[in-house]
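Following this line, the structures themselves.
Here come two complexes built around subunit A, the first alongside subunit B, the second alongside subunit C.
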Partner chain A sequence: MSVSTGSRRVLEKGPSGWLAAPALFLFLLFAIIPLAGVFFLSFTAWDGLGEIKLDGLSSWTTVLTDPVTGNALWVTAKIMFFSFVVQAPISLLLGVFTSASQKYRAVLAVLYFVPLLLSSAAVAIAYKALLDPNFGLGPGLGVPFLAQDWLGNSDLVLFVVVFVIAWQFVPFHTLIYQGGVRQIPASLYEAAQIDGAGRVQQFFAITLPQLKYTIITSSTLMVVGSLAYFDLIFVLTGGGPGYSTRLLPLHMYLTGFKANDMGAASALGVILVVIGLVLALVLQRLGGKNRNASQLEGA
Partner chain B sequence: MQMVKLTLRSAAIAATAAAVSISLAACGSSGPAGSAASADSATMWGLTGGNQPVLQKSVDAWNKAHPEESIKLDFFANDAYKTKVRTAVGAGQGPTFIYGWGGGVLKSYVDAGQVADLSDFVKDNPEVKSRYLPSVLKNGTIDGKTYALPNNNVQPVVLYYNKEVFDKIGAEAPKTWDELMALVPKFKAAGVAPFSLGGQSKWPDLMWLEYLVERIGGPEVFANIAANKPGAWSDPAVKEALTKIQELVDAGGFINGFSSIAADSNADQALLYTGKAAMILQGGWIYQGLKKDAADFVSSGKLGYTTFPTVEGGKGDPANVVGNPSNFWSISSKATDSQKKAALEYVKSGMFTDADTQALIDSGAVPVTTGIEDKLAASPDKDFLSYVYGMAKNAPSFTLSWDQALSPAQGDAMLANLDQIFLKKITPEQFVTTMNATIGK
Partner chain C sequence: MASTTQLPVPPATRVAPNRKPVQRSKGPGRSRPNFLGGLGGWLWLAIIIVPIYYVVVTSLKNQAGFFTSNPMMPPTEPTLDNYKLVLENDFAMYFANSLVVTVGSVVPALLVSFMAAYAIVRGKSRFLGWTNRLFLLGLAIPLHATIIPIYWMITKAHLYDTLLALMLPSIAFAIPISVLILSNFMRDVPNELFESMRLDGCSDWAMMWRLALPLTKPAVITVGIYNALHVWNGFLFPLILTQSPSTRVLPLSLWTFQGEFSVNIPAVLASVVLATLPLLVIYVVARRQLISGLTAGFSK
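And then the complex of A and B:
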């Protein structure tokens, strides 16, 4: 991301690197500086009110020996895995489906898009009301299956959370895939049809390989995004029952702002950043070394 | 989409991921304090719920009479407020009036030098001191200095019940723990949950532990814990109380799905007046909510209330009470001089005016002021109000809610572990060990 110097010849090589300056400045102000602050706070003891006292590694030992941290990591991993497994195929198929030009598909695409317009808090409050075992959808409609203790049962709640997350974010990824599919030149499909390839064959031989980078982008957002699921789960379950849905970002928030242990919360924040960076880089690596190679040879 | 420079993009996505994580770390620090109409007018944050209209009216009247010392008032939900105010005060964005409960949380503000010492103000204005019930006033005092003054009503925890549901199975309100346990299968057989509980909010769970420990071991048990005596949680009363809670959970005493019910939305009260649950252990303040949400239920006399049952062999006086003696106003020590002046003027002559006191009583609450017996007797809610007033006045001991009495770190650990007790994820022994480790924190 280096910025080339102010030589006049820069123009010959492309747009000036200075175009990145406003974004870099904001990134520095709102990401790098707070990150440094969080890193510093992780070596202090601070209750949010009084003085910030240097405290060496004690926040780190607290966090790393606390079984709740391990549990939070495990919950995060489970939510990440299940979110990906549920969302990726659904949004890929919906994206391919809505990319075609028929009118009714355009109408459906608009309908699928609706959850994306709602804020996470609104989605969470709505689902909390719908899933209430005493006043929700189940008792309201008199359907015993729906009257389960969806959000209060430690074994069930994780899957409910994954479902609500999917309901909210599948439209977004569908949109990404829809755009990706529309970029695939029609000539590829025409050629395949002439060669006698069926619909399923076309999907696996053309659509899927052509979507390689779209899949990587969408997956990165899904996996790294699941490290940031906070608002929805905070409102829906508050991390409960017990620690069943207390994933890492929520654990960080509750440690910092409920238990008022900013040192430990900062240590958790640093862990979260490191995991996020590693995951994002690994997923980008999956794209292969020669990432600028055209996928459209022969098109 | 594939045409963009992927090297740049990978870096950008990684960076975005980092930024997302960081923005989480920074969230919660913004407050509406900056949006005050005039930068120098006093600001006040109150709680939504039963007392909201009373406080609004009081401040409106004050602002009308004192436009030069006006107060800007905002309201927040209970659970959200507790998080927000602390962060805001820590960031120097707090309100002039800090709403609180006294106890260990107040002490943490005092230790950080965030709230003003009101001792001289109280000394110079004896009429302020004399308007309060002395037993309530002392909860705003730390190390002999006054840092907080009561601002609303006494809130003992009361056992409410639905008389209609009780009549249906021909039961009486339980007077002892054994009677309470015996009622559980009867209500279950009638298709009614014995107890409603807002378990997701966690603090309603605490009312059970507070009363059981009080009844079994007396007020000394928690006094020792609050005094940070090493091993204070090991008192046998704590273990017995936790065991009883788990027995009640095992017996199906609490409504299906209690751990996903939030008390902030009043869903726990709704279960009582809709007859889905027979009883609820909750604060005196829910009477105001019931009066508003279920006026018929209250006015037709279907709402019953009683004290927490006694426990056989228990040491605690059955007249002892737990709950919140009142809420309090502290004045921010970081406020400007003119904000402080306006705030103190309001405390002196703007609150507990005749109109305020009457509005509190009309809402179904008992003000913490003296000389209100006649007004209580004239209220349509006189039965409940005199009951609560008598309960608070005659209690040999009135223990402050533990999550407020302890330091925030201890309080949070206690609520998290008690939640685990109700879910049967940990044993009473584990609770005691974990909590003993938090002593002094």
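And then the complex of A and C:
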């Protein structure tokens, strides 16, 4: 990096730290201070309008004894697990598929990425209409199985949510995998072909191991990202029916802004922060340490 | 400089705007056609296209047609009335609000992130090291967990229900990933260039604008697009920080349209099409930049 500079230029001391000050100021003010604020507010009682009153641990007691909290955690875990299990293999295969040089695959890739442009609100509204048992996909194709009340059935709705999440986010992960596959040296495949390895063998012997870091990146984003599936589920199901899709971020929002219990909502926010940090650190560990170094020193 | 809190970003997928796809002379599947792979590819295309097709087709039906015709068939007499209805319902204003918020968030975010990235890469002080670590930490935290204190701050500052209320936290949330990507790029600028400019008597300020900026311009554009997409499609901040129609942005307007026209599904879907149209135009015009912007960001 910049170790060798000192020898010739004694004057060089690098730019002033003030250049970073505006970014640091904004980030402290609207991200770090609120982060501290959410801890503080979890020990208060506040309805969102009136005075904030210190209230000890009562918000925490409320949150931790409320069965809805446990349910929200369980729903979050289920959505996290299923959306990972669904998205990861599809994204990986599509990434490999679109990275090949055939023309038709390039054309398909252009269309695959269109969902990236839609807002979560737009996706949710589109699916609400599409999944309507009377005017949606089911009657349209004349398939009775598809004409179910997908969003009203508490046994099915979770899987519908997982499907819609996959529809919206698989394109993004496909993109990550596509980039990863394109970096694999062609010589590896040439060598394998000379050795007579078939397509499936090549996939498992070369593509998959070479994609190790891409898999870790994409998986981290999928898992940590599932803590942010707020807007899609909010518009699609509102957390219902009942509590069946009320995952943690949504539960936090509804507790704070609909039930006007900002103290309890802040306690839920703290739980959300802790889960996010723990997940990020665990996945980071899985990825190994040296890769950061290699990435930063790659320059 | 390695930090333990950094999201893993493989060298493979670091931004490379304008990068030509690497042509693989003999990729897998070159020898004989991969029927299974092809089948899967077309199947996924169907999954992607069907909802989009349904939305477009339905938005062109009149309400009677919606209730009577086959949902998957194109309308017998296509109409643009739904679009007219949406446009008459202040769509232009919501569009303008979205534009103001997006530009007002992305430009300042880019400016401060670029300066910070320059200082972090070129500077050596401990303060800058800590600043960088703090930004990296920001990538690991689900920042929307902070909406309640943000709501409190915005109301205390008497900014509730203003567009500025949406911009300020959007800028802050865009900073960590922007600094990360920009500083990764800044490291690729050869040190010799900076040294020779310094010999010519250039200040750091001048070097930042005259050397670092032109050389990292593709990355700046990429980060800008990534942030713009996020702010444009953002839903949570508008939901909690604004209220009146005059400050409504597009994603929120879709949601309120849905409430107002609940029975008029074709109109609701027309609003979805109209809200997506600007991005679709950008996608058609600048696909490469947009795509590399998305891979560059991958956080959140």
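The criterion applied here is as follows: the second predicted complex is superposed on the first by the 254 of 299 C-alpha atoms of A that agree within 3 Å, B and C clash if a C-alpha of one lies under 4 Å from a C-alpha of the other, contacts with A are read in each partner's own complex, and residues count from 1 in each chain.
Methods note: a contact is a pair of C-beta atoms (placed from the backbone, for glycine too) under 8 Å apart; a residue touches a chain by one contact, two chains touch by 3 or more.
Quantities reported herein were computed from a predicted structural model and do not represent experimental measurements.
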Who does A:W150 touch here: subunit B (first), subunit C (second), both, or neither? first
Contact-wise, after the overlay, does A:D47 reach subunit B, subunit C, both or neither (first, second, both, neither)? first
Once chain A of both complexes is superposed, is A:G140 in touch with subunit B (first), subunit C (second), both, or neither? second
Kindly classify A:V282 by the partners it touches after superposition: subunit B alone (first), subunit C alone (second), both, or neither? neither
Does subunit B (first) or subunit C (second) touch A:L94, or do both, or does neither? second
Going by the contact rule set out at the top, does A:T220 touch subunit B (first), subunit C (second), both, or neither? both
Check whether A:E190 is in contact with subunit B, with subunit C, with both or with neither, and answer first, second, both or neither. second
Once the shared chain is lined up, is A:T237 touching subunit B (first), subunit C (second), both, or neither of them? first
Specify the partner with more touching residues on subunit A, choosing between subunit B and subunit C. C
Going by the contact rule set out at the top, does A:V85 touch subunit B (first), subunit C (second), both, or neither? neither
Common ground on subunit A, meaning residues reached by subunit C in one complex and by subunit B in the other: 1, 27, 30-31, 34-35, 38, 48, 128, 132, 135, 179-180, 183, 213-214, 217, 220-221, 224-225, 227-228, 230, 249, 252-253, 256-257, 265-266, 269, 272-273, 276-277, 280-281, 284, 287, 291-292, 294-295
What part of subunit B is in contact with subunit A in the complex they form? 1-2, 5-11, 13-28, 83, 86-87, 89-90, 108-109, 111-114, 199-200, 255-262, 267, 270-271, 276, 408-409, 412-413, 419-420, 423, 425
Subunit C to subunit A touching residues, read off their complex: 1-14, 21-31, 34, 37-38, 40-42, 44-45, 47-52, 54-55, 58, 66-67, 70-73, 111-113, 115-116, 118-120, 122-125, 127-128, 131, 134-135, 138-153, 168-169, 171-173, 175-176, 179, 184, 187-188, 191, 195, 198, 204-205, 208, 229, 232-236, 239-240, 250-252, 254-255, 258, 265, 268-269, 272, 275-276, 279-280, 283, 287, 291, 294-295, 298-300
Show which residues of subunit A lie in contact with subunit B when the two form their complex. 1, 27, 30-31, 34-35, 38, 47-51, 128, 131-135, 149-152, 154, 157, 179-180, 183, 212-214, 217, 220-221, 224-225, 227-228, 230, 237-238, 240-243, 249, 252-254, 256-261, 265-266, 269, 272-273, 276-277, 279-281, 284, 287, 291-292, 294-295
